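Take this structure, written in structure tokens, and hold onto it; I'll ask about it next.
For clarity, chains are labelled A, B, C and D in written order, and residue numbers in each chain start from 1.
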Amino acid sequence: MTFELMMFLITAVVALTGGIGMVMFKNTVHSALFLLLNFFAISVLFLLLQSPFLFAIQLTVYAGAIMVLFLFVVMLLGAERIEDTTDKLAGQRWLALVLALILLIQSVAINLITGSNEPPMQELETLALLSDPATLGAELFTTYLLPFQITGIILLVGIVGVVVLNQRVRTAQDKGQIN
Amino acid sequence: MLELIWLIPLLPFVGFLLNALLVGRIGDAHTQERSAGYVAVAAVAAAFVLALVAFVQLGNLPEEERLVNVNLWTWINAGDLVVPFGLMFDPLTGVMTLLVTGVGTLIHIYSIGYMHGDSRVVRYFAYLNLFITMMLFLVMANNMLLLFLGWEGVGLCSFLLIGYWFERKSASSAAVKAFVVNRIGDAAILLAMMTIFLQFGTLNFFDMILDGAEVIGFVENAGAVAQQIVSVPGQDFRIGTIISFLLLIGVTGKSAQIPLFVWLPDAMAGPTPVSALIHAATMVTAGVYLIARTHPIFTDTTLGLVTWIGALTALVAATAAVAQWDIKRVLAYSTVSQLGYMVAAAGMGIYVAAIFHLLTHGIFKALLFLGSGSVIHGTHDTQDMRKMGGLRTAMPYTFVTYLIGAAALAGVFPLAGFWSKDEIVGHALTHTIPIFIILFLSSLLTAFYMGRQLALVFWGEQRDHSYHAHESGAVMWVPLVILAALTVVAGGLNLPGSHWLTDWLFPVMEEEAAEFKIVLGVVATLAAIGAGFGGWYLYAVRWAKRIKVDAKDPLYRGMGDIWDTMAEAWFFDTVYNKTIVPGYRSVAGFFAQVFDPEGIDGLVNGVGRAFGWASNGVRFFQNGYVRSYALAFFLGVVVIVGYLIVAL
Amino acid sequence: MQFALTDVPRILPEILLLVLALLVLGSDVFERWANTDAARTEQHRASASLAALGLGMILIIALIQSGYVYRLPDDAPINFLTNIVRNLQNGGPASELATTPILGAFATDDLTMIGRLVVIAAAFLTVLLTYDARPTANPGEFYTLIIGSTLGMCLMAGSSELIMTFLAIELTSIPLYVLAGYFRNDRQSTEAGMKYFLFGAMSSGILLYGMSLTYGYAATAAVTQGSTGNNLTQFERIRELVAQAGEPTVLLTLGMLFLIAGIGYKVTVVPFHGWSPDVYQGAPTPITAFIATASKVASFILLFRLLTTTFPVLTGAADVIIPVEASTFTGWTSLLALLAFLTLIVGNLAALPQTNAKRLLAYSSIAHAGFLLMGLVAWSASLAMDREAGIASLLYYLVAYTVMNLGVFGVLYVVDQHTRSDEISVLNGLARRNLGLAVLFTIFVFSLAGIPPLSGFFAKFYVFMAAWQAGAEWLVIVGLITTIISLYYYLRLLRAVFIVPPDTDAPIPTPRWMATSLVLSALLVIVLGLFPNIILTIIDNVQAVAGR
Amino acid sequence: MVPISYYIMLSAALFTLGVLGVLIRRNAIVVFMSVELMLNAANLALVAFALQRGGIDGQVLVFFVITVAAAEVAVGLALLVAIFRNKRTADVDEVNQLHG
């Protein structure tokens, strides 16, 4: 067993634990923390996959910004309370489990069918190029210029949306006199 | 001049626009009513004059050139599918146009009197003009698609006009019923159009020049293609059979034949002039026109079916007409029955006779409906014949004209109905004996129920004195007199010996004149007079005392359930309910719901309820929980992926 | 591959939309600042008129650029005006440049152009509808979001690459989530926003997973073929790689399924439709109209482009049958045929018992998605000509569908503004309360029901024809039967309008610009029905591009 | 080297976990977290495929996904806060006024 494989296995176990924990734990804060664990694990996997740049933004954006936002909202709303164990939708849980299991089996089966002929790995030279953030940056500003600009618009629209939804306006409407 | 035939449908359309947009905005209610009537009548009358001119001009052309195509613009040009917005004028279209605009004009005039004082009369005339437009599109279209536009358009106007008095619940549900039932037929026509296009690559009736290019027509080239055989698994069909079968379903809807005739009797909830125009003279004959127009595509297989459907409808409806109390329902079933004659005639391949009967029936049935309208008008909205009686003195014009119409319908020599019906019955004798027997029996019944109706309405004593009967005004009886006069002479269109109509329609139908069987003619007239007299005698003399308001018919005593069955027009659900034990309902709830006896009802509500049951099932999943939706989503994904894996 | 200066005119409508969005964002700042009703109305009108004007101008510019109405002849005299037109049209679909997508990511062919025109026109009519409405909070932002979403839809229509597809869908969706939940004090509106959002986020997860699988297949194929170059996310490249790899593997099919599911939610195809009735009912009515029309148009165009350019290998037949031989999956057409079947049945049946007019129309819009899918199913035809009929019928249907739905929701909005409800019962006696509105409503509903000569009829007829030619006869028959069923619930609406007496005879006013929007829609419904050739000739251009 | 198919299988497992979370959790915030998990699973597969191919485009796609996810999360949470103000709950099952 190579070092790399060992690293992969450990991180994979951590990632799965994070995922399972997030789904299983009744407390929202716990779920969030487990998801954070999962994000960390995935960022490590990115590193293993020769993508240091993605490793960095996975940590800063996902684990940093997004998770903090989640936790912040959980705290703000006091929504961390534990869910009832009784489900209004009878059978939803079991159906979901069965469905997820089938989905998993299906995807794994399909990967087994097709993934058997592993193509040869890339040469070191290519790998070095691939893992260089400069390559990614250059691509972003040439081939992917258009999508890059659109991302900017999406962020703008997102900001506008958030402001609209949560801006406090002192009007009659907000005091609940209308509706 | 013939290039201007597009003016014929345009004029009523202008009338419609004027009435719909302008007239409602001027003056007081009285001015509005008057101007709406004048505009509408003027528009249709002008269309009639134009149609007459066009007709004469067509007659001046040599026989082989009597087909004019006028393409206004290329309606659809999508790949292979090239359809002009085009009208045509040929002998068949010519006579149909004259019937529609001619009878239409008279009924418009009559409406001025009949609808006097109605609060929405402007809208009424707008609808009526729109109907004429659509009907003209139907008969003048030079392709299936435009014909279908007219076909749907007249259905729409019929819907609007049946439901015109929408305050009455029966009117609005009858309107919906008519529309939905017709839609079943329309779906079949759509399928037929697709098949026609796939097989012939065109929807035009005849070859023509469009945008400088030669375009073929399917009627003209039907011969060879229609006989080709296609294999549906397990069975071979001729293409013509498939197409014509689909067309036939459409015909049974629009022309009220078995099994889709149920909407027509209910449609009598509309104003009586509407019944006369739409549900007797013009719209319901569209099916017969369609068969005549596309007749080369009909194969022997379908024609046999057409004959039987027509004949059976004639009989079933005639029996139903015998057992009605409502003056208009008698005429409604009578219309269904007479349409059966036309369809049967078309089925037997004597298209000229079918059209001949269509024309004469259009005239005398319009007369009868308008007459009944005059009766209803004069008796202050009474429709139950048990409440009438003895009206011949109070309403002399109506009585005389009604008598003429009834005699024509019964087939009494020398009125129009005699000649046209005799051609059909006479041909049936050489065609198939059972058909002949059915049709002959039906004509006896026809005479009987008309005799019964005359007796009930015009003879005896007035049985209900809550109203004072009076004759209608001149604006109403003058059209009656004109129609009565036409009824007397219309037989001349195709008299034995001259057979003008056969000759005139020869370019379209290519049919030889039928041989007149004098013996049959004599027998038929005598039988009709006998049966009519019988009906009259029983109800006016023999049982006169036993007819009371809300009483059962004297015949009911002898016939009981059979009478009920007739009164319900052998309605299939009645039969179901009589023969199938109630427990059956719980087993086959679905069918019980579809064939529910009460109601619009049976069909429309039944369908609604039956599907309501299914749709509640669908709604069960739409429970408002996002998680359920997500579950359905992933269920879909998993099932599809599973299918994929199994498929591999 | 570099972005060239000549590419700027090609995405001019998009650039202008962006500029307009920014302008509108600031527009209400220049109006009176106060919390009085008058001030709020003023702010609202300022933003609405700027948005409407801008969208109208962009629509005109796009029309000039398209060259559908007028094409500048090559020998036209050179002056200021012709220079502008020529430069514009050089970026249009008829120019040489349009044959290759910008950076491989954004095609500017006829398909995009038609999508753009429809989407921008829909946005224009929606904005007109809202002009006279009760003022919304933050009008500048409201219209910015609409325009931003429109921009996303334009990008969706032209997207020819996976990254672009993902971003365009997100750009379309994010503003729509906010707009659906725009009345944040209204429980139904917020509920609609949240349902839309959760479902949308989930679907984008699915979509992305599908993308990763598709990319994975392409990557594997590229490695085995020794192909290089960083453009494996382009539809065109994936198709080439798949074609060279020979037998398509199950991995690719799986990716395709996830992609269809991910886009399927936007086009409200059963079983991916769950959110739509709730969202349509809860969202503000003009937004419902916008979601139901523009968003669906863009998604259908995207779905069409994605499936036909990326997965022509997997086309298959129009039949849903258990494959006789193992290893013959019958491809996406049979999958879509199955989905169309489900959509038609579920959409029409569920509409029957509804009592809320908006919800009823939501189901009707689901049902229409079933008819639209039939146009895609027609791609299974063996003859190129029949496939072209399929795409032409799909596009015609999309245009007709857009105008009639905008109209019918618009009428509901007018009534809603007055009565503050969208139950069917508020339509009672509309004919007496406002005859003009009732007539418009009738036109739209009859068009939805497919009554000739309105455009809805020809749209149905044409897709039926295309599907029939492609061998999906069974689907056509199902379509016809469901058309008859659908008549029942459409007539219920008309029955309310014309037959059921109203509680009050008080007239319902139709403000000027709302009326303009409705009349424009109605005119289009009628004109497109009577002269479908107007757009059929335009649609013909598409076949040359997409009909490979 | 670790075979790519290992990554793909891990990705499939994580994706399934995300789906499971969407289906069984009732707290809207957790449902949303599960969606993020689905996105991450897809990202993992993309990067793995990109490495196998030796191309950069997979990574670029992941970059965009992460960026867009940030915007989406912001809007989503804003919506959740709005609905929480109205209903005082973050339970998706309580949000079912619209149905039928």
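Here is the rule we use: a residue touches a chain if its C-beta (ideal position, glycine included) is under 8 Å from a C-beta of that chain, and two chains touch if they have at least 3 such contacts.
Predicted model, so just to flag it, every value in this text is computed and none were measured.
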**OP:** Compare the CA centroid of chain D with every other chain's and tell me the farthest one.
**Re:** B
**OP:** Select the chain whose centre, defined as the mean of its C-alpha atoms, is least distant from the mean of all protein C-alpha atoms.
**Re:** C
**OP:** Could you see whether B-C or A-D has the larger number of C-beta contact pairs?
**Re:** A-D
Original post:
Using CA atom averages as chain centres, what separation in Å is found between chain B and chain C?
Top reply: 42
**OP:** State, to the nearest whole Å, the distance from the C-alpha centre of chain A to the C-alpha centre of chain D.
**Re:** 5
Original post:
Using mean CA coordinates as chain centres, what's the chain B-chain D distance in Å?
Top reply: 62
**OP:** Using mean C-alpha positions as chain centres, tell me how far chain A is from chain C in Å, no decimals.
**Re:** 30
Subject >> Residue numbers of chain B (touch at least two other chains) >> reply: 619, 622, 624-628, 630-631, 634-635, 637, 641, 645, 648
Original post:
Of all the residues in chain D, which ones touch at least 2 other chains?
Top reply: 8, 15, 18-19, 22-24, 26, 31-32, 43, 48, 50, 52, 54-57, 60, 64, 68, 71-72, 75, 78-80, 82, 92-93, 95-100
**OP:** At least two other chains touched by the same residue of chain A: list those residues.
**Re:** 88-89, 92, 95-96, 99, 103, 107, 110-111, 113, 115, 119, 139, 144, 147, 151, 154, 157-158, 161, 165
**OP:** Classify the chain contact graph as line, ring, star, complete or other.
**Re:** complete
Subject >> Interface residues, chain C side, partner chain A - complex >> reply: 1-3, 11, 18, 25, 35, 102-106, 137-138, 141-142, 144-145, 148-149, 151, 155, 163-164, 167-168, 170-171, 174-175, 177-178, 181-182, 184-186, 217, 220, 223-224, 230-231, 249-251, 254
Subject >> Complex contacts: residues of chain D adjacent to chain C >> reply: 8, 11, 15, 18, 22, 28, 31-32, 35, 38-39, 41-43, 45-46, 48-50, 52-58, 60-61, 64-65, 68, 71-72, 75-76, 78-80, 82-83, 85-87, 92, 95-100
Original post:
Okay, in this complex, where on chain A does chain B touch?
Top reply: 88-89, 92, 95-96, 99, 102-103, 106, 109-110, 113
Original post:
Which residues, counting only chain B, touch chain C once they are in their complex?
Top reply: 73-81, 85, 145, 148-149, 152-153, 156, 163, 166-167, 172, 176, 179-180, 183-184, 187, 190-191, 193-194, 197-198, 604, 607-608, 611-612, 614-616, 618-619, 621-622, 624, 626, 628-630, 632-633, 635-637, 640-641, 644-645, 647-648
**OP:** Report the residues of chain D in contact with chain B in the complex, numbered from low to high.
**Re:** 19, 22-24, 26, 31, 92-93, 95-100
